[in-house]
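You will see chain A twice below: alongside chain B first, and alongside chain C after that.
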Partner chain A sequence: MEHTNLNLLDEALGLHNINNKLWPLCGRFILVEDSVDTTASFVLHHIIKRSLSSHPSSSVIFLSFSHPFSHYDRILRKLGCNLAAQRDNSRFFFIDMLMLQCPDEGKNNHDGLAVIFEKVERVINTLHPDNKKFLTIMIDDISLLEVVANGSSNAVLDFLHYCHTLTSEFGCALVALDHKDIYSNDERPALILELEYLADILVNAEPLATGLAKDVHGQLMVLDKGSQHEHGISSHKIHNFHFKIKENSIEYFYPGTITMS
Partner chain B sequence: MSESIGRTLRDGALEGELAPTLTIKDSLSSPFAFHVFSHILLQLSSRITTQNSQSRGIVVVALSRSPAYYIALLKTKGFDVASSNNWIHILDCYTDPLGWKEKIRKPSNVTDPSHQIPLATSSYKTVKDIDKLFSVITELGRGLVGDSKARFSVAIDSLSELLRHASLQSVAALVGNLRSHEQISCIFGLLHSDLHEEKAAAVLEYMSSMVASVDPFHHSVNGQRGYLGNSVSEQNFTKGKFNVRSKRRNGRVRVTCEEFKVELGGISFSNVSSVDGTTTAALVPKVQFNLQLSEKELIDRAKVVLPFEHQGNGKPIQIYDGRRSLEESNSETTHNSSVKKEGDIGEIIYFRDSDDEMPDSDEDPDDDLDI
Partner chain C sequence: MASSFTKTGSSFCRNSSKSSINPHLKLGPNATSFISSGIPDLDKILGGGFCVGSLVMIMEDAEAPHHMLLLRNFMSQGLVHKHPLFYASPSKQPKLFLGTLPTPNSSSSKLDKSRDPTHEKDLRIAWQYKKYFEEPNLNISTNNGGQHEYCNDFDLRKPLERHFYSGTNVDCVSIQDSPNLDALQDRCARFLAQLSRSEGNSSSAGRIAIQSFCSPQCKYSDMEWHMLSFIKSLKGMTRSSNAVVVVTFPPSLLSPSCSKRLQHMADTLLSVKAIPDEDKELAKLLTGYQDMVGFLNVHKVARLNTQVPVILDATTFSIKLERRRFLVLECLNQAPVDGSSGTSYGTSGGCSGSTKSGSLDF
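Here is the complex of A and B:
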């Protein structure tokens, strides 16, 4: 990874720590939350790009419930990453879930999501054991996963728990996108709260708190809850910054430091 | 208070009483219950290894962390993991709680991670079956301490996770059964209180002799949930309040409050620091107006004499009563203030106008006024 290209998001996610030659997100669960006004899918794209370029044998398993492969391919191409080539090299595994629907309501929900998990497992089994810790599993997005599970948030949590067990088993990273505002009416939105408990890093994209602006498209808050490693627990870190989505890249900057061009 | 929790868990159950039970609860605004949980687990573990407690072994029901995590935790704290098999056993409900992996991996026979682990673990694949869980826990405990009178402890690393898989009734029954089991010395479990209905938390609190709740220093004002609902203050991510409510047998309830601090090496507890200016200033969110009084302002405020408060302390009463001019009364009171004071103060002279006015009637005395 070239040091020159590191931006605020990399820093907030801890991607600048490459001294131990490990994928910095390994073994961690990154939850990305966004809202209707501000979509955070660019964070996913960014992590795809970084994880594919972090190590020659790194790989990504992408569970897509929202867009076809060509969509991501076009976006990543603009960011300078050829997904189609990576797919042919067996480094980008695209699992298309667009047409998936669990057969019946009731007990079969669990089986339906177990089938998805089985697909993920099968892909992992094809990987070389040493490369498993450079793996990133990405889910786009959880709200559509819930639709697939016929609205059973418990089934979704079971599925995510199983994905989470993979992070501790193989040391792979888990990245999931969810829309926070669809739970805003619930008295106790157990799903999103449970995910926030589970997450190691929380990325939250919101529209600019002070209202719409031409040069700032939104604000990101990255909360690193710290991880428990051999030196004990590292502490919480919060990063707040603004972003602007450009044609081929995203610009990240601290509030008030935008450079007019 | 964390000390007294440790002591209670160490002393364990009395003959003919239920085992002491501790529920550690937290919420997203201060999600440190797991830190407390591992602190207590380590404390109890070291007491068990030095034979300094009633229990001789510990069964960890791992639902939210992997066994490997616990091994790493024990290792970092200097426990000899190789010889730990005779006092700790991890019931792994984390790796495969619903049996999905077993179903998938059976044909290919992928190595079970529990085989590589130096610690005694058993995996449990039907978390929804709580009755079976009870018998498995007690069997494992018996395996640790033998069939004798020796007792063991049970640690459940997330009651929340259990509640997600099973009904409140069955989880309550599990806790109840564990408490009344004759070989169990103590039980402690972790609960994320905001994930459940209030009744679930209340039920579990009723069933525990101690409730330790991890609270943030200051709650969010607007009542929003989650991390981001809070006015994010870095304070809440390293420190917080640790409230313990313990119930004695005789029904006495004791509530204590401590502070905790999450550091690199773990969690540490301290008595609530005396409120000095610097900490309060650091805790109060930055607002443009002043919420706290300074030392000088507090003293000044204490000096203010409220209206009527000065009456009767020997000074002349300076209230215009409508009958004399202020000047007159002033001169009068200065003349014979001491004499007047004795009789006049606190006396109400009242003549009833007529007999048809009821004493203390609550009819409006002014209702005949034509305004």
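Here is the complex of A and C:
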């Protein structure tokens, strides 16, 4: 991994810890939350890029419910990562779920998501055993997964639990995007609460309290619940910073320290 | 020799790409293309028009049919450009709606319109408007070819001539009586299959207009997950075809979480709002309040193939009917306040207001 170009997000996610030659996110569950006003999909793009460049045999399984491959390919190409080439090298596995629809009848929902999980498992089985800990599973996004499951949040939670067990089984990383504002009016938003509880790292993108601006696109809150490696010391770390999204990079800065060029 | 060869090669490429697009399609950034929304001002606001392959959602105001204004212009523009059109509505006979579509304005009266700056208009070109007038109308092709224009001005008082919508490329369906959305989904899939991108027919762009999607007269209106799954698969299908889908829905009739889910699914999200008839406070606050019929809010602009969000100078626009004929969108202007002009200067800049503080911003 490059030592240069580490930004605030890398630091907050702990990607600067490259001492033990492991992918720093391995075995961890990262939940990314956003809202209608501020999308956090750029965090996913960033993690794709970092994980593919972290190790020569690292790989990403991408479950896409919201955009076709060409969308991500164009974005990542501008960020300096050729997804089409990585796909041909069997390092980027794109599972297109855009047209997936489960039948309505009650019990079949589970079957629908089970099919998806089997697909993920099949990909993992093709990987070399040594490379499984450099694997990242990414879901974009959970709210559409719920739609696929016809609103059965239990089915979604089951699916995510299965994915979560993979992180402990193989030491791979799980990254999922969800939209927090969907649940803000629920009395008991079980799904999002459970996900937040499970997550090792919580990334929350919000618009600025003062509204949208051209120079600052929003603020990120990264909560790291502490890693297992640190001799049993659980250290909650909170990072707050602002960001500005550009085509080929994202600028991160602490509030008030934006540098105009 | 070699260099001249590459040169001709590159120029050939450029020429061929230029000739293959038709004037109704405009190339945008990141390999996207736009078709016109039928409202010149909205095209300008959105940076060119509606993105081909995107899902546009319009949140209705339950008390006023302003979403119909946007829908009519969108459909009319498609018919004038001879784009295939699919229209679904909860009315019994959706075909009748085609008779209410506006007709494109003839070029002569358009010239007249631009040459006729009324006294009122002169006044408006003040400090507030300077930057909007300096902006050249790059987005709108100005050739007066009538049907070959990218975007027409539509005269809301004249109905569209019959020959535009009597052809075979128009399909109407009523969604009132169907017990679920499967039939509608099949129709949409068949419509979009003709426009699939893989066949390389970039000549025509289809338009799907679904009016009042979740209205209570539809029998499926209590099946929220069914509706969400329909919109999700509609979006998936649209992505791989040369079409734009415009769906209007009344958010107040849905549960808040369902409405938020629909908003997340939309690529471009707009909302319309009526103006209360005799709101004296608002009349004092805004210039040109008398001519306004409503507000248009731009919540989200399509971001296909890019991660950079579009931040607009202003997100609230007033909907006006110029001479009761033409639909015009304008930024809101705060009227000068007596004795405290300082405050109005403070709000004049290109700041888009907080989305949390209220529904209006200046």
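Everything below uses one rule, namely that the second predicted complex is superposed on the first by the 258 of 261 C-alpha atoms of A that agree within 3 Å, B and C clash if a C-alpha of one lies under 4 Å from a C-alpha of the other, contacts with A are read in each partner's own complex, and residues count from 1 in each chain.
The definition used in the following text is that contacts are C-beta pairs under 8 Å (C-beta built on N, C-alpha and C of every residue); 3 or more make two chains touch, one makes a residue touch a chain.
In this text, all values refer to a predicted model and were calculated from it rather than measured experimentally.
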May I ask you to decide whether A:Phe42 touches chain B, chain C, both, or neither, giving the answer as first, second, both or neither? second
In the overlaid three-chain picture, which partner chain does A:Thr126 touch, first (chain B) or second (chain C), both, or neither? neither
When the two structures are overlaid on chain A, which partner does A:His67 contact: first (chain B), second (chain C), both, or neither? second
Once the structures are superposed on A, label A:Val147 by its partner contacts, choosing first (chain B), second (chain C), both or neither. second
Considering only the touch criterion stated at the top, classify A:Met221 as touching first (chain B), second (chain C), both, or neither. first
Mind working out whether A:Thr259 is in touch with chain B, chain C, both or neither, as first, second, both or neither? neither
For A:Arg188, is the partner it touches chain B (first), chain C (second), both, or none of the two (neither)? first
Overlap of chain B and chain C contacts on chain A, residues none
For a test of understanding, state which residues of chain A touch chain C in their complex under the given definition. 36-39, 41-42, 45, 65, 67-68, 70-71, 74-75, 98-99, 101, 104, 143-144, 147-148, 150-151, 179, 181-186, 207, 209-214, 217, 245-247
Chain A contact footprint on chain B (complex, rising order): 28, 31, 35, 65-66, 68-69, 72-73, 76, 94-98, 100-101, 103-105, 108, 110, 113, 164, 192, 194-197, 225-228, 232, 234, 237-238, 262-266
Name, in rising order, each residue of chain C that touches chain A in their complex. 30-31, 224-226, 228-229, 232-233, 235-237, 239-240, 255-257, 260-261, 263-265, 269, 299-300, 303-309, 311, 315, 350-357, 361
Residue ranges of chain A touching chain B (in the complex, touch as defined): 33, 110, 114, 117-118, 121-122, 125, 154, 157-158, 161-162, 165, 168-169, 188-190, 192-194, 196-197, 202, 204, 206, 221, 223, 225, 228, 230-236, 238
